[in-house]
Each structure stands twice: as C-alpha cells, then as structure tokens.
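Here it is, the structure, as structure tokens.
Labels run A, B and C following the written order; every chain starts at residue 1.
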Amino acid sequence: MDIELIGRIWPFFAEAAWVTVKISILAIMLGLTLGFTAALASLSRNPVLRWPARSYVSLFRGTPALIQLFLLYFGGPQIGIHLEPFEAGVIGLGVNIGAYMCESIRGAIISVEKGQTEAGSCLGLAHHQVMSRIILPQAARMMVRPLGVNAIALIKGSAIVSTISVVELSYTAHRYISSTYKPFEMFILASVFYLAIVTIFSYGVKWVDRGVALE
Amino acid sequence: MGLDFTIIPEYLDLLIAGTWWTVALTVVSMAMSLIIGVVFAVMQLSRHRLVRWPVTFFAWLFMGTPLLLQLFLIYFGLVQIGLDLNAFVAGVIALSLHFAVYNSDIIRSAIIAIDDGQYEAARSLGLSQFQTMTRTIVPQAVANVTPALGNMMIALLKESSLVSVIGVMELTLSAQRAISDSFRSFEFYLAAAAIYYVVNLTLEQAVRITERRSARYR
Amino acid sequence: MTEPIVKIRGLKKNFGQLEVLKGIDMDIEPRQIFALIGASGSGKSTLLRTINQLEEVTEGEIWFDGELVNQKLPHRQRERHLNQLRQNIGMVFQHFNLFPHLTALENVTLAPVLLRRSSKAEAIEQAKILLDKVGLADRADYYPSRLSGGQKQRVAIARALAMTPKLMLFDEVTSALDPELVGEVNRVMKELAQEHMTMIIVTHDLRFAEDVSDHVVFMADGLVAEQGPPSQVFRAPQEERTKAFLQQVFED
C-alpha cells in the first residue's frame, strides 16, 4: 500500500467528494419533487393525470439510469437540449430516482388503512382534505425509510455521472488509477469518502424517522 | 441535426448481438451471485466470528460503495496482480460479487424466518434430516426468497449497463459503437432504452410467474 | 305522521356477480332507534354503508331528509353532494378508525374546523363538552394508541357527534371490544337514544338491541325478513327464519 501517494492526493478526493455530495443532494431534491407529484397523480381518479405518471414510473424504472443519462447528455443536443455535465447529472439522476421515489411514496399512501379514508369522508371532508389532513400525515411516517433507501442508492448511483465527465469521486478515482496504476489505493481512498457520506446520510434518515414516529 | 430513426436497421445486427450479451451477462452474473450469496449467508450464520466477520466486512464495504468503483477495482486490480482477464469475465465477477452481498442478506433472513416448528413437525413424522430439508424447509425458503431475488435480477439487468465502461460489448456499448459510426446519439440511445425496456418487462413477467408458482400454497 | 328521514325503495346492491341486497324497502322516522340484526353475511353492513354512499347502489333509491342520496351527478357535483350529505350523517365503525396521528381532542375538532362549522376555539369548546359526555374529558390530549378499545370507540362517537348529525350509523361498534369494555360504549349509545338521536344500530348483541331500540329489522339473505317493535320481533316472531335465528343466537 502506497501510503505516501495517498497522503499526497487525498485532498483531490475530498474536493471530488464535495461534488458527489452536491450532485446527490440536488438530485434527491428533484427526485422528491417529481416522486411526490407523480405519486399523487398516479393515485388520482383522473386518467389524464394517472396515465402520464404511471408511464413515467414504468419507463424510468424499466431502463438503466446510465442509458437515460447518455440519452439526455449526448442525445439532448439533437433535440435542442444543451446541458453542462453537472446539470445533466443532476437532472438525469433526479428524474431517474424520482420514479423509484414515486413508488415509495405511493406504497406508503396505499398502506394507510382504507378505514381512515372512510372515516374521513364520513365526516364530510372533501377528497383533498382527507388526503392532506388524514392520509399524508400518516403516510409520511411510513415513507421515510423507503425514501432513505432510494436516496442512499442514488448517492452510490451518482458514480455514473463520471461517464459524462463530472469530476466527482468515481471520476477522480478512475483518473488516478490510469495515471498511477494503483487501483487498490484509489479504491480505498474513494471508498472511505463514499462510506462516510453514506453513513452520515443513514444517520440523518434514522434521525428523521425517529422524529416523525408516532409517540 | 434532426432525428432520423431510419438509420437504426443498418445497425440492427450490432444491437441484437449486444442484447444477447446483456442477457448472457445478466443470467451468468445472477447465477454466480446466487451461489456466492448462499455461501455468504451460510458463513454469516456461522457460530465462529472468524467466519462471520470477513463476510460482514465485505458486505459493509460493497453495500456502501458504488458498483462502478467496484468494477474499476476488479478490472484494474486483477491486472495489477497479474491476472489479465477479459472484460466480460471481470464484468461478471464484479456484478456477481456486488449482487451476492444483497442476495445473501435476502437468503439469510429467509433461513432465519422458517420456524423450528416446521423442522420438528417433519422430523416427528419420521422424515430424515435430508428429506426434511429438501421437502419442507427448502421449498418454503425458496417461495419466500423468490420475489426479492427476482427484484435483484431485474436490478442486475439494468446495472449490467455499467460494464460498458470497461469495454464489454453488451447493449450499451453496442449502441455507443453504432453512434461513433453514425453520429446519431439520440436515436441509438433511445433504441437501446427501448430494448432494455422490453427485456426488463419480459423478465418482470417471468419473475411474476415464478413467484406465483413457487408460492401456490399461500 | 312525519316525513321519514330515511326512505329506502327497492334497494339492490351487487358486488360483481354476488347479489348482496336484493330489494330493500325501509322507512326511518326522525327520533327513531333502529336495530338491524341478522346472520353474518346477510348484508347489514352493506345496507348501512349505502345510506352514506360508502358503497354505491346498484338499483333503487335512498332518500335522506327529503333529498335523493344516490343521484346521478357529474363527478365534481357528486363529490360536493356527498360531502354535504355525510356532514349530516355520523358513522361509527367496528374498528374505530380513529386518526392515529391526532389526539382524541384533535380527532373530534378536525372536521368542524376544516369544514368551517365553527372557529377553532368554539370547536375545542364543543369537543370538550362531547368528550365529557362520553366520559373522556381527562383523555382529551391522549393519542389513540394510548387509549383502550372502549375509550377509542367513545372518542369515535364524539367525533361523529361533533358534526351535529341528524342520523347516526353504528356498525357493530362493540364487536371488536373485550367483553368488559362493551358496557361503557353501550351506555353512551343508550344515552343518545334517550336524547332521541335518530340512530341505526347494526349489532349482534340482541339483548342490547331489545333494550335500546324501538324498531327491529331482521335481515336474511339480502332481504328484510321481518320487522316490528322489539317486543314483537324478539318475543313473538312471525317468521320461521326469525325464530330459527333467535333460537340459535340465544342458545350460544
């Protein structure tokens, strides 16, 4: 193990880790927004809302994230979409994880007992009131964990943006492997950062989960 | 530059070959990740810490880091220690190890979930240890793990696109070859996406059917 | 004779191929206490749930307070019509269906506040009176998870009463309770009966039905097999099916 080399180049990895964090957070925010909207739309009784939402989920869960990213970044210019690698990374990852998050949110909403909806509508509450005041507050507690799983998958999955030359952790690892021929050292260095990010994030999810748990 | 999908048939052979490689990659990696997964699961259930710990550490490492990084490690690392494998083999190893970690978790909890009463009931009927395992325990465990393992295989199909970066000529790289020849990114990535989607749907259907078969008694 | 508050004519309900209600006619006068009895699967819950349209009707008419309940309306209007209707009909369920994320008090105030029946302060005031009425003034700030089954059910009754309904529907509200908790819930219903709240009570507890109701309907196979004052239906049933049912229940 080349400790001296690691000591020399770790700051580059730290900088790259920051890019991984930024791109992940932005993509998670985009994914949550899309996932939430799509979940509500897919549960609507109106087919004009339901159908596009379900198609979105099916198409984006049914194809590799890498292909979606390439289609956006390399194919985009052909249809007039010109994006910087970082922007394409955020959008590509966010739209992809949004489809998975939609399923997590939808699952949580569906898991709220039917009796809750009945009790709400028996009081004369309107559909949207039942949703916002009775179903969603209960579903929120059940979606934290699955959304956390989605988000952690995204952090690791964000490695694919290295293929469109976003200078994040995996890109940096690859570059130094090519220049130093030290794959083990570079793997360990990058892993330390990934594990740190994932671990901190997992604690964050657990903390939120405890916060929203029923008393 | 407008879109022109009429160019796709010219490269159809390339895409079809790529599709077969993707399917082969998925099937072989899934089979290997199952075998390794069982081994890991059994090791993790061992009473000896020295058997459990290496697996625990490995699982922690592989669950916390990206598949892409693991792919770099295995592809370049094996070269480093003098094993110059072809890309396909390196890809299979990386995918198998990555998914083995998840599969082993699934298998382990299925083994734990089968309650002792089943074992005792079978033995008290006079079934041998072997018969008990093959006729009562294993069928239940298989029914229990099928849905989760099926989902893993569906995930594996999509993740297998990553091995294009180390030069395995599967579907994604085939599309890239067609693009570097024709300069038609959008058309070929969309075509590749469509093929992945169809293969994915087929696999989902197969998983669903297997699931129903293996859990008929429920 | 006053106009009935609920008027049911030729009511039929199918679930797919299964005919559950096969033509029900029924009149409920204001201030009347209806007990609905019958074997499991005879369609009691379904009948109750069609009255506030938790189940849609296959055929026939239901009138509530002079208005046709199951009118064909465009989606939006129907939604508004139903919300209006349901504000006037309280329902209590077998499994309470309290909102677990809200305290007992909040369960009771939610609808009056959201539907702007009253200001928040008034709603809280009113809710406290109702909780006191069901004997739970000291549990106002408890979450449902910390209440016993009997307490939950009493909160559920208070919640329904908070909308000052003209009709209360009770669907086997004591069936999920431990025997020693049944009394406290029955007592609350009895009190409501004495205040002449119009009620339809589905129950397997025939002694309670006899005690509380002034009209008993015995259902069998999706039809009304016999009805009349409790003294008649319980003490001098006319129909063979009623006799058989009563005999079986009282034997257990």
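In the analysis below, contacts are C-beta pairs under 8 Å (C-beta built on N, C-alpha and C of every residue); 3 or more make two chains touch, one makes a residue touch a chain.
Predicted, not measured: the structure shown is a model, and the values here were computed from it.
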Graph class of chain-chain contacts, one of line, ring, star, complete, other: line
Centroid comparison with chain A (C-alpha atoms), farthest chain: C
Leading chain pair when contacts are tallied as C-beta pairs: A-B
Inter-centroid spacing, chain C versus chain B (mean Cα positions, whole Å): 54
Between chain C and chain A, distance of the C-alpha-averaged centres to the nearest whole Å: 46
Separation of mean Cα positions, chain B and chain A [Å, integer]: 21
Of all residues in chain A, those that touch chain B in their complex: 59, 62-68, 70-71, 74-79, 156-160, 162-163, 169-170, 173-174, 177, 181-184, 186-187, 190-191, 194-195, 198-199
Chain A - residues contacting chain C, complex: 45, 113, 115-116, 118-127, 129, 133-134, 137-138, 141, 214-215
List of chain C residues in touch with chain A within their complex: 52, 54, 75, 79, 82-91, 93, 95, 97-101, 110-111, 114-115, 143, 145-146, 156, 159-160, 163
Interfacial residue positions of chain B with respect to chain A in the complex: 1-3, 60-61, 64-70, 72-73, 76-77, 79-80, 158-162, 164-165, 172, 175-176, 179, 184-187, 189-190, 192-193, 196-197, 200-201
